[in-house]
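Lettered A, B, C, D, E and F in written order, each chain numbered from 1.
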Amino acid sequence: MSITVYRKSHFNAAHRLYRKDWDDTKNQSVFGKCNNPNFHGHNYELEVGITGEINPETGFLIDIEKLKKIIKEEVEDYLDHKNLNIDIPEFKNLNPTMENISVLIWNKLRNRLEEYYQISVKLYETPRNFVVYTG
Amino acid sequence: MSITVYRKSHFNAAHRLYRKDWDDTKNQSVFGKCNNPNFHGHNYELEVGITGEINPETGFLIDIEKLKKIIKEEVEDYLDHKNLNIDIPEFKNLNPTMENISVLIWNKLRNRLEEYYQISVKLYETPRNFVVYTG
Amino acid sequence: MSITVYRKSHFNAAHRLYRKDWDDTKNQSVFGKCNNPNFHGHNYELEVGITGEINPETGFLIDIEKLKKIIKEEVEDYLDHKNLNIDIPEFKNLNPTMENISVLIWNKLRNRLEEYYQISVKLYETPRNFVVYTG
Amino acid sequence: MSITVYRKSHFNAAHRLYRKDWDDTKNQSVFGKCNNPNFHGHNYELEVGITGEINPETGFLIDIEKLKKIIKEEVEDYLDHKNLNIDIPEFKNLNPTMENISVLIWNKLRNRLEEYYQISVKLYETPRNFVVYTG
Amino acid sequence: MSITVYRKSHFNAAHRLYRKDWDDTKNQSVFGKCNNPNFHGHNYELEVGITGEINPETGFLIDIEKLKKIIKEEVEDYLDHKNLNIDIPEFKNLNPTMENISVLIWNKLRNRLEEYYQISVKLYETPRNFVVYTG
Amino acid sequence: MSITVYRKSHFNAAHRLYRKDWDDTKNQSVFGKCNNPNFHGHNYELEVGITGEINPETGFLIDIEKLKKIIKEEVEDYLDHKNLNIDIPEFKNLNPTMENISVLIWNKLRNRLEEYYQISVKLYETPRNFVVYTG
């Protein structure tokens, strides 16, 4: 009797999309206005999904207060009100696209959650652009 | 050519999370503020998904007016403006968590829909906490 | 240069609409399914608006972290996961309709905010039913 | 490391559900108020999902500006502010149900996107009725 | 102690914007793609606001079930699944713009509600375009 | 017969809240995490309201395509994907709070719209924090 529980969260951050080893013309051609050297930013909306079996004793798949706390520690405290390119070590040499941010979040949650849970990460960069990563 | 049709619905209900065979300290420790003995409540938002083949004669997977009627009879009439712990027999000895409510809804819809339809139930307990159950 | 700053918040509660001095028939006729003696409940969504002048030193009308804290203390801590009829003294002899709840919230915020701020309270009882009270 | 990128879009259109080879009584019985011979209409909300591997050079699964342009050319320019029954050749003899519209959109996008991308189409006909088609 | 109660509703309709006394070139220049002679359509979302005093006996400004019934009879039954230009007499010689539709709805509600209530009508033609009319 | 027409828009930007003439301790105390020297960012959602009389010839208060174009030129082209502190001259010595951004937008629209229109600006900095400025 497999079920998935979801918890929504959010964080705000600045970023820039570019490659240091490309010149301005190529960066502009590939990343467009996202290449602004002074950065721009987003309200990222996050939906974390956890799949597993319902615990018959409590009726819970997972204690959602515990899940909320893990998301706060792993995602909000780490990414909220940050400059992704400058403040986050994983993005020093990796573009902070919504694809790469969702993989980072998934990996950080994977380290904190028991192996028998499957994890999905849905990340909205804008209300019209979003991504789903399931490992 | 498999396709899924979704219909949204909603109901409002009161509930309390606790186990009669646990003492207050344990209930409080596991269920926190959801253990209020006087109950609290939610606006539950429901998305029912039905998967199958498009009927080439009508262009419908399912007559959505029929689906709407089944959801009204099985879910809204049964759960809306109710106290889940007191008014709903299935929750006399089962915690009305969003996980268990979604399983109840799925089972009730399964009894009313033809076997060749797959069913999914997405249930929002709050705008930030929700669950998906697919049987 | 008057401006209004809004902060959204939410709480979940159970309630019942009825008058103790009316018999069942009259309560049922006036309050319908909201008269369930075992209670039902809602996710209340709240938007608090504060009107005044921008502080030229900070660019803020009000420190929104301070406003968030006042809303938490006056509204969330007081009403969240409660039975409005039983747990909230103001509703012992007053019907906890969305109208009366919004007046209660407005009065509690009025006591905590400086006189030169105007206050508005928008309260959603369901996604389709809501109320605005401005004192 | 498979991932799915989504892009939202929308278009407005008129339509009527009926079969030319059925009489009025049967059309009314099967399609109800959707059978109005003078047409009615909807704001269709669309979510296109593209699944594949992240390009390690850019951090993108797909250039979302390119995806946005394809959706504009294949869907918005073709369906927006149109009468689906009269203006769209594919629906001359096929009912423009949300099921059939989603299949049309999927086929048009399939022709424009590289084979190694999987495609999903989610189409809202109203805020409460929607469909998902994945080919 | 004035307060405003809101009720949301919706209807779907087809329409065309044009003037019979203008030629095609002028209609196209002023109304653009809304001038499609075969019509297009929208999901109209409606928020009706009623302002007055709380009834101290019930705690209601207005019985929202009564308001819901009036909106159904005056707006939904009259406009839902209709072609505004053809099926609605008021728009035989008046453009069914969102401005004019909101005035029509306000007038129809004004006829049904007691004089001591003020009325506001908010009408979404699309998620990005909407209008407010207060008489 | 006064009416208000609204148009939604959005832009993404980076910013930092601080005063150059304050030391780090004071900036941190007043602006908290918004004081990150490397910037953070938001998806700003904008609702522009225009009030006036309906033009009886067209049924429009204002040609919404014209309004959309003015918002694009004055707001989106000016603020989207920008660093508000560095790229926008008005914020060189003024804190880019949501209050001050809304006043800037209002002033820029005021210069482009005829005097007989009243203007309101609603600006969401996050889904929970927003501001309304009406001049």
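One rule holds for everything that comes next: contacts are C-beta pairs under 8 Å (C-beta built on N, C-alpha and C of every residue); 3 or more make two chains touch, one makes a residue touch a chain.
Computed from a predicted structure; not experimentally measured.
Following the contact convention of this document, no chain is adjacent to both subunit D and subunit E. Averaged Cα coordinates give subunit C a centre that lies 29 Å from the centre of subunit E.
Separation between the centroids of subunit B and subunit E, computed from CA atoms only, is 34 Å. Touching of two or more other chains is recorded for residues 127 of subunit F.
Contact between chains, using the touch rule, shows up for A-B, A-D, A-F, B-C, B-D, C-E, C-F, D-E, E-F. Considering their complex, residues 17, 19, 30-32, 94-100, 102-103, 127-134 of subunit C touch subunit E. Contact residues of subunit A toward subunit F in the complex are 10, 12-15, 33-34, 36, 38-43, 45, 80-83, 86-87, 126-127. Contact residues on subunit F toward subunit E in their complex (touch as defined above): 1-9, 49, 54, 57-61, 63-65.
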